[in-house]
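Dropping the structures in below, format is structure tokens.
Here come two complexes built around subunit A, the first alongside subunit B, the second alongside subunit C.
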Partner chain A sequence: MTRSIAVAYAVARKDLTSEWRTRELVPALGQFVVLALVIANFGFQIDSQNATVIAPGVLWLALVFAGLVAFGRAFAAEREQASLEAMLLTPASAAAIFAGKAIAAALLLIACEAVLLPALALMFGTPFNAELVAAVLIATVGMAALGCLFAAMVARVRSREVLLPLLTLPLWIPFIVAGGQAVQVAMGASGSYNQAVALLIDFDILFVVLTSLAARFVLDD
Partner chain B sequence: MSAIVAHEITQRFGSDVALDAVDFALDEGEHLAVLGDNGAGKTTLLRILATAARPTSGQLAIFGLDAVRERKALRAQIGYVAHAPGLYPALSAAENLEFFCSLHDVDRKRVPEALALVGLSDVARRPAGRLSRGEQQRLAIGRAVLHSPRLLVLDEPDASLDSDGPDLLASVMRGRSVVLATHDHALANRLCQRTVMLSNGRSLGAGTRLRVVR
Partner chain C sequence: MTRYTRLVAAAVLLMLVAGALIFFYAPEDFLQKEPQRIFYLHVSAAIAAFACFAVVLGASIAYLRTESLRADRLARAAALVGVVLTTVTLVMGMLYAKPIWGTFWTWDARLTSTLVLWIIYAGYLLLRRLAEPGRQAARFAAVVGIFGFVDVPIVYFSVTWWRTQHPGPVIISDALPPQMLFVFLVTMACTLFLAAVMVAIRYQIETLTDEVPSPVVQLVGAQREPEPAR
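Our next item is the complex of A and B:
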């Protein structure tokens, strides 16, 4: 167990160091989510009446597409550099390598959320509070696990840019439904925030366990 | 003790036969050169030996272990240099090796030794992406020996190396079992005691030194 944690930490640290030095992904994702908010702001004719209804949908749309790019990049870069095989030919467990990649990709998406959430509050005039941040962060965990699993699966396929959304989006729907409800309540709509967050945590546990079990077969076989 | 015993190793990709019932054995400490033209099946054979691919059929034992079923255990004993160096361009040469120390669970103190062995001590802090192709190849060789493997699988390791490349390869191969794929018969003759020639996935036979160039 300690060994797996050490491997996951090394892989995540390596990915984050590479991103910090190259700044390939996070600045582009940050710009993307801000542009998405600007377009939605003009497109939906936002006012104080409809902002809290429209903003959650805009948030999840921006997050889902930013996530697809972030998770897709996690394994595509390894394939391009031909470095994934070198990693997998070590005694390190495939599940630990996968966990490290997923943690790094999730942290990159969280960096993007750090731009997205305040920008959303600023442009849509919606509340920016701890409940909102917590709901998005909890959803990010399960979305990262699923997104990275499919990204690993399609990384060696030529049409991976098309396949990744086709495989990932249907399985992200539970996160979008429960996360959407939690965000709506956090922004002032009626409903049970705790119930929506509990559902998100259940999905997180389910998909983190399933993807950890599947990682070995996806990466190593 | 045999380092490798390969019996009728066959690899098919759809209807294409990349390797057709290849047999050979390698004693511990022995160096074997795999020769053949492009598309002969050298890389396919080496990927199977490095446990990066599974043969379609046939039996392969490495150090007495089944190379398909027990490949996880074998990976600590195998060092592989593939066609592409497979490095992280944003990390320095030393950081690349430190990362692989974490994966192999070996002490990071090995990194300066490995860099010195492949002649990269002076560029240890330079990002791998800014190293020349030959230096990247040296770094990949350093990574392959980082965990002191008993078996080295080298796929055209002389590619991009300068004139002292053969000396470098001789020093990393010393004391290990080695399977080396190359087009260079002179290099095979210098570094390996035995050769196996592949053509269209079939073994044309094994022999002792070729003495092609002398």
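Our next item is the complex of A and C:
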């Protein structure tokens, strides 16, 4: 168990160090989500009346597509250098390697959320509070587990750019349903915040367990 | 006449019997009039589709445990038939909804989760088409087959706080008059038989496809090495 944690930590640290040195993904993702807000403004004609109604939808659209890019990239470097096979040759368990990749990708997406949420609050004039941040962070956990599983899968398939959203988005829908509800309430709509967040936590537990069981079949060759 | 032709003939005949019952035997609904006759095939197709996806789930788990080629073929066959039946369910449901609800589509829990189901298994079929056929593709698809089946009840239950417009289960709640219930049960049995025949034929096609070596292998004359991931 402690060995697995050490492996996951080492893999996550490797990915984050490489991102820190190249600064490839996070600035691009940050720019991407700000662009998404600009497009939403022109698509919806944002004003002070409709902003709070539209903002949750814009948040999830931007987040979901930024997530697809982040998780798609998680295995790109490994594929380009064929280093995943080398990692799998070590005695480390596939689940631990997968956990490390997922943690690193989740942290990169959180870095992108750190741009998205304040930018949304600033430009749409919506409330920015702890409930909002908590709901998004809790949803990120399960989304990262699922997203990385399918990213690992499509990394070895043709037309991976097409297939990743097709496989991942439908399975993310539970997170968007509950997360959408939680964010709407955090931004002032009526409804139960606790119920939505409890559901998000249930989904996190379910999908983290399922993906860690499935990781062996996706990574092993 | 092969075994399969006979099976197909029987399935077509049974569906014609079901159609005759639906149009000539079943009484007209007092409130919904003629469109209510869509109900029989709509619900039967939905049940048959769920049965197919349950087969995909079982076969996927069996494949991951035993790596049996037969389980994988069964999963492939059932997924395709399931997607076809889900399409039938969705299209018939839309045709039913227009005269009764006044709209083809509403974002109701049942409708949304059925659409998600369709998307997931259409993605499953696409993955099968795009991945290099072999052990890896079968494993990936098995994982998608299992996750897809888990996801659908979750989508359904997580959207139930939205007001639902789709009627609940009328069959077990004893809301159907005996004549309608009889027609429904016959239609359901016929549809399940049709689904089973389609899965059997598709399974046979998958078996034959697996036996034909791919063109590359024929050229090289040897088992192809698995390609390194690029």
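Criterion: the second predicted complex is superposed on the first by the 220 of 221 C-alpha atoms of A that agree within 3 Å, B and C clash if a C-alpha of one lies under 4 Å from a C-alpha of the other, contacts with A are read in each partner's own complex, and residues count from 1 in each chain.
FYI, a residue touches a chain if its C-beta (ideal position, glycine included) is under 8 Å from a C-beta of that chain, and two chains touch if they have at least 3 such contacts.
Given the structure is predicted, the values throughout are model-derived calculations rather than measurements.
Asker: Report for A:Ser18: first if it touches subunit B alone, second if subunit C alone, otherwise both or neither.
Answerer: Touch status of A:Ser18: first partner only.
Asker: Is A:Ala82 contacted by the first partner subunit B, the second partner subunit C, both or neither?
Answerer: Both partners, subunit B and subunit C.
Asker: Taking the superposition as given, does A:Ala92 touch the first partner, subunit B, the second, subunit C, both, or neither?
Answerer: first
Asker: More residues of subunit A are touched by which partner: subunit B or subunit C?
Answerer: C
Asker: In the superposed arrangement, does A:Arg3 touch subunit B (first), subunit C (second), both or neither?
Answerer: A:Arg3 sits against subunit B, while subunit C stays out of touch.
Asker: One more residue to check, A:Ala214. First (subunit B), second (subunit C), both or neither?
Answerer: The answer is second: A:Ala214 touches subunit C but not subunit B.
Asker: Common interface residues of subunit A with subunit B and subunit C?
Answerer: Correct list for subunit A: 82, 85.
Asker: Touching residues of subunit B toward subunit A in the complex: what are they?
Answerer: 50-52, 72-73, 75-76, 78, 80, 82-91, 95, 99-100, 102-105, 127, 143, 147
Asker: In the complex formed with subunit B, which residues of subunit A make contact?
Answerer: 3, 6-7, 10, 14, 17-18, 21-22, 81-83, 85-92, 97
Asker: In the complex formed with subunit A, which residues of subunit C make contact?
Answerer: 64, 116, 119-120, 122-123, 126-127, 130-132, 136-137, 139-140, 142-144, 146-148, 150-151, 154-155, 158-159, 161, 226, 228-230
Asker: Where on subunit A does subunit C make contact in their complex?
Answerer: Residues of subunit A touching subunit C: 79-80, 82, 84-85, 146, 149, 153, 155-159, 163, 166-167, 170-171, 173-174, 177-178, 181, 195, 199, 203, 206, 210, 214, 217-218, 221.
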